[in-house]
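Both complexes below contain chain A, partnered by chain B and then by chain C.
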Partner chain A sequence: MYLAEVNAWDIVKKQYQYKLQSYMGVFTSLIVIQIIAILFSFNGTGMSGGGSSTFSYSLNYYSGSMILIFTMIWGLITAIIITSKAYRYDDYSFITNRGTTHTSNLLFLLSASIFAGITVLLCTHFIQVLYIYSVNSESVMFEQLTIIQNLKGISGTILYIFFFTSIGYFIGSLIQISRLFIFVLPVLFFGAVIADGLGKEQSMIPHVIKFFGNESSFGLFILKILAASALMYGFAIIISKKLEVRP
Partner chain B sequence: MSLLLAIVPIIVVVLLLSGILFAFKPKKKKPVMGVKKTKWIVGSYAVILIIATVLSFLLPIDRNTAGKSLSKSEVDKIQKVQDSIYGSISNGRFKEQEFKGALIKKKSWSFPFNEKALTFSLRNPDNFSPSILVEKTNAREIQGIYYVGKAIVDGIDVTDKISSPTIHLNHSSLIIGNPDAKEVKFAKFSTAFSFDQFSGKPTVFNHESYGIFGIDILYLKVPKNVQITGDYHPVN
Partner chain C sequence: MKVVECKDLTKVYGRSNALNNLSFSIEENKITGLIGRNGAGKTTLLKIMAGFLHHSSGEIKVFEETPFNNLKVSANSIFIDNEMSFPPALSLKELLITAGSFYPYWDQKLADRLFDYFSFNPNIRHGNLSKGMKSTFNMIVGLAARCPLTIFDEPTSGMDSGVRKDFYRAVLKDYLAHPRSIILSSHLVEEVEDLLEDILLIKEGEKCLHMPVEDLKEYAVGISGKTAIVDEVLSGKDIIFEQSIGTDSTYVVIKKDGSQKELEKAEESGLELTAVSIDNLCLYLTSKTTGGIDHVFS
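Let's turn to the complex of A and B:
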């Protein structure tokens, strides 16, 4: 019998609220990264042309994909930073254990992914407006999506970013075990890419990308990406159990 | 080697982004920015993006074509119908309703006609030579209708950008002039690949350009007893 009953969920909530406040810096970096991505995207992502003697056209493509890719990398690095000691030790201001820390981190990263995912869509509109008011002589086509397609798209975007945070969380946990991983992981990754490219058929990375990227069934995509994220977070949690307790 | 070159930009981007992120990483002793200031910046950013989004829906659409993008299967369907047009013509049949959605009526003309003979001439046959279909009627006039096959560029319907030819009747000679040459620059905006992925549209992983282009038909209704000189397909 204790004077004050401690409820794990209350602690998670407090930690989560605290993190939303004190990790605000990650959103500033998101803004900087998305502005860079907007500048890159503004150049266009491709062009094609054709026609007959009486009608010819050139078509420039502008897409929000670059913004999403930059945001995914942001998610990855943000998650790595969150697992760093400076951040981890913040939780000791509360009554805490590893479970509550991981849960509040996960909730924070999920919230950050949701915010980032929504801004990815809004940034695409921002490019359109910027384009129309700066280059107004051309005919412009907007890809018009239905509400359902938009909702699926936003959910897909959020899940992609969340998946990358899970990879980052896993990498961050590895780095906490040994800083050697800071060097080993990039070498392994780029080594694998190069080794993969040396063979006649590229296999590993294109397959992984296609496994998620070519999944046109929304339900299956959710299943795949949530399972993969759960796996990454699961590994990260298992790894962090090996960390020594803070003195 | 090409692969190595291909991953160089990725490395540069990752390094760049890492640099930015670590620069913004709050330090324990002295945070880069206060929470209030950061909240203010993030809030303003969100507001700017929301305003831009609202503006993008209120854009002056009349000078731009907000074309609805067609999927590959939709374009294939239209292509199939268009393919059947020439078969139908060579069998002497042409019913506009059968090609609905694949053939667009662009312009029509009518000229009173009392001559005994009619000659077609194309002003510039190298640049523009539509299929000319002739239906004999009881009317005392020549009616001309210009049909253009639905033109689609990468899923975008551009039919309304195509101009119509000119037709002049000079006694018994019908002179068909080129449509004005038109050069159109399009800009196609799409959302991120995660939006295309579930909408049946091509994504970065299976993108292929698709489109149809180039069916020109001039349908003429000519009085029954007129003698016609020129290349044409009799129909109906």
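Let's turn to the complex of A and C:
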């Protein structure tokens, strides 16, 4: 009898390919969500106006932030779904162990984030084009970005989405440990927000947003997001260590 | 080399033991039947072997390694049951190709031929198959993967009798061409006994016996005759099974222990000796009481 020696990295590559093929539904849902987000964005994200007796003006702001928010939520939910039983069992029909499953999941979510990040940028441009063609307006102004700024924007977008997938992966892993977390996590989250709001000054949410959202140094921003994502994935891997595969 | 080796293997679910101090070992290139009643712990044992479950205490080695979360064991073994899950996005044909990309000894030609023989539609999804067709498809994956350790857990559930016969034949043919260790769990002993070399019989999580099928055929003898004579001849013997027939006759199964003379004596005193089929013997050995269902109604 000859036992096959397998290399973990080879299996990861095969699983990654297998996942790209079999998780196609994830990308379909992304497109649907982004179309919905475009429809929402089309109303504009802000508006101001003014005038006097002789003239009046109104200013509408349009941005892709709605699309980004929708896509981040998509990333969160996608990651939760991937940790669910149905998806785990699919892995165990072929060669795998926990390590390769986590690694290929991470690679898949990273690729999905990159794809989603690029489509967010494209959607943003799409809104601009759509707006020019459909709305009869006196003047349209765009923020002109240099290539560097564009690249920074796109990598920032990807990192935000990836960060949300890591949160989702952590939440999903918790739920796999115990179904109770389906109830506990929302209670904890909303409870904390409400408890936070009872105080004089709201601090938690604004602080978190400020910590990740208002970083002016791009290098530091990358560091923060990657460290936070690594922490989330690390926790997920640790807590799923004891999990049995198929009861 | 031993393919599977267990020592005092115990698995606890809540407060009950699914497996209880189970010790045995399986040599390579044998077809072993894992036989037991419902709830005896067959599936639990196989899932621990495949690395799907943790064991609670004791030791299990598959290819001399602990199977849980072990890539080497995963690559060299395959666990086939009717709950195998495949992604709904892939068609049956794509699933076979994917399986081929994973398993190093995969035989695509065999897979294709079996696939055509059982007339599967290549574009259909696994989730849309009927129960029997799912079992058949999973069996194809299990055979074509040619893993050194192939585990079939109740592989024929849902298959019609034609497909079941084809399945046993396919296992045997492929085993002869490519010897490997196959473990097959079943409670239909009659169907599989021609296929098996060894039988591992478990009862309530404990090993009942583990021996070649040939030996098991000679393991016990059935004696029937007048109750009075049977009782006299068999006093002090280890009785496996006892059933009264009519008003004054009894059928008893006892273990053969080499005392050929005693058996001859029994025959002379008017008792009838019969061979016990493996199917019945397994039932008798694993029944919880000696009286059987009759006791409930008496």
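In this text, the second predicted complex is superposed on the first by the 232 of 247 C-alpha atoms of A that agree within 3 Å, B and C clash if a C-alpha of one lies under 4 Å from a C-alpha of the other, contacts with A are read in each partner's own complex, and residues count from 1 in each chain.
Assume a residue touches a chain if its C-beta (ideal position, glycine included) is under 8 Å from a C-beta of that chain, and two chains touch if they have at least 3 such contacts.
Please read all numbers here as calculations on a predicted model, not as lab measurements.
Q: In this superposition, which partner touches a larger number of chain A residues, chain B or chain C?
A: Larger number of chain A residues touched: B.
Q: Once the structures are superposed on A, label A:V187 by its partner contacts, choosing first (chain B), second (chain C), both or neither.
A: A:V187 contacts neither chain B nor chain C.
Q: Per the contact definition in the header, classify A:G156: touching chain B only (first), chain C only (second), both, or neither.
A: In the superposition, A:G156 contacts chain B only.
Q: Using the superposition on chain A described above, determine whether A:M24 touches chain B (first), chain C (second), both, or neither.
A: both
Q: Does the superposition put A:T78 against chain B (first), chain C (second), both, or neither?
A: Only chain B is touched by A:T78; chain C is not.
Q: Is A:I147 contacted by the first partner chain B, the second partner chain C, both or neither?
A: A:I147 sits against neither chain B nor chain C.
Q: Can you list the residues of chain A that touch chain B in one structure and chain C in the other?
A: 21-25, 86
Q: Note which residues of chain A are touching chain C in the complex, please.
A: It is residues 1-6, 8, 11, 14, 17-18, 21-25, 86-87, 89-90, 92-100, 242, 244-247 of chain A that touch chain C.
Q: For chain A, which residues are in contact with chain B within the complex?
A: 21-29, 31-33, 36, 44, 48, 50-65, 67-68, 70, 73-74, 77-78, 81, 86, 119-132, 135-145, 149-150, 152-153, 156-157, 160, 190, 193-194, 197, 209-210, 213-218, 221
Q: Touching chain A in the complex: which residues of chain B?
A: Spelled out, the residues of chain B in touch with chain A are 3-4, 7, 11, 13-14, 16-18, 20-28, 31-33, 35, 38-39, 41-42, 45-46, 48-50, 52-53, 55-56, 59-60, 63-69, 126-128, 151, 153-154, 156, 158, 161-163, 178-195, 197-201, 203-206, 209, 213-214.
Q: Residue numbers of chain C touching chain A in their complex, please.
A: Counting only chain C, the residues touching chain A are 1, 3, 28-29, 47, 51-54, 63, 69-72, 74-76, 83-87, 89-90, 94, 98-99, 101-105, 141, 148, 180-181.
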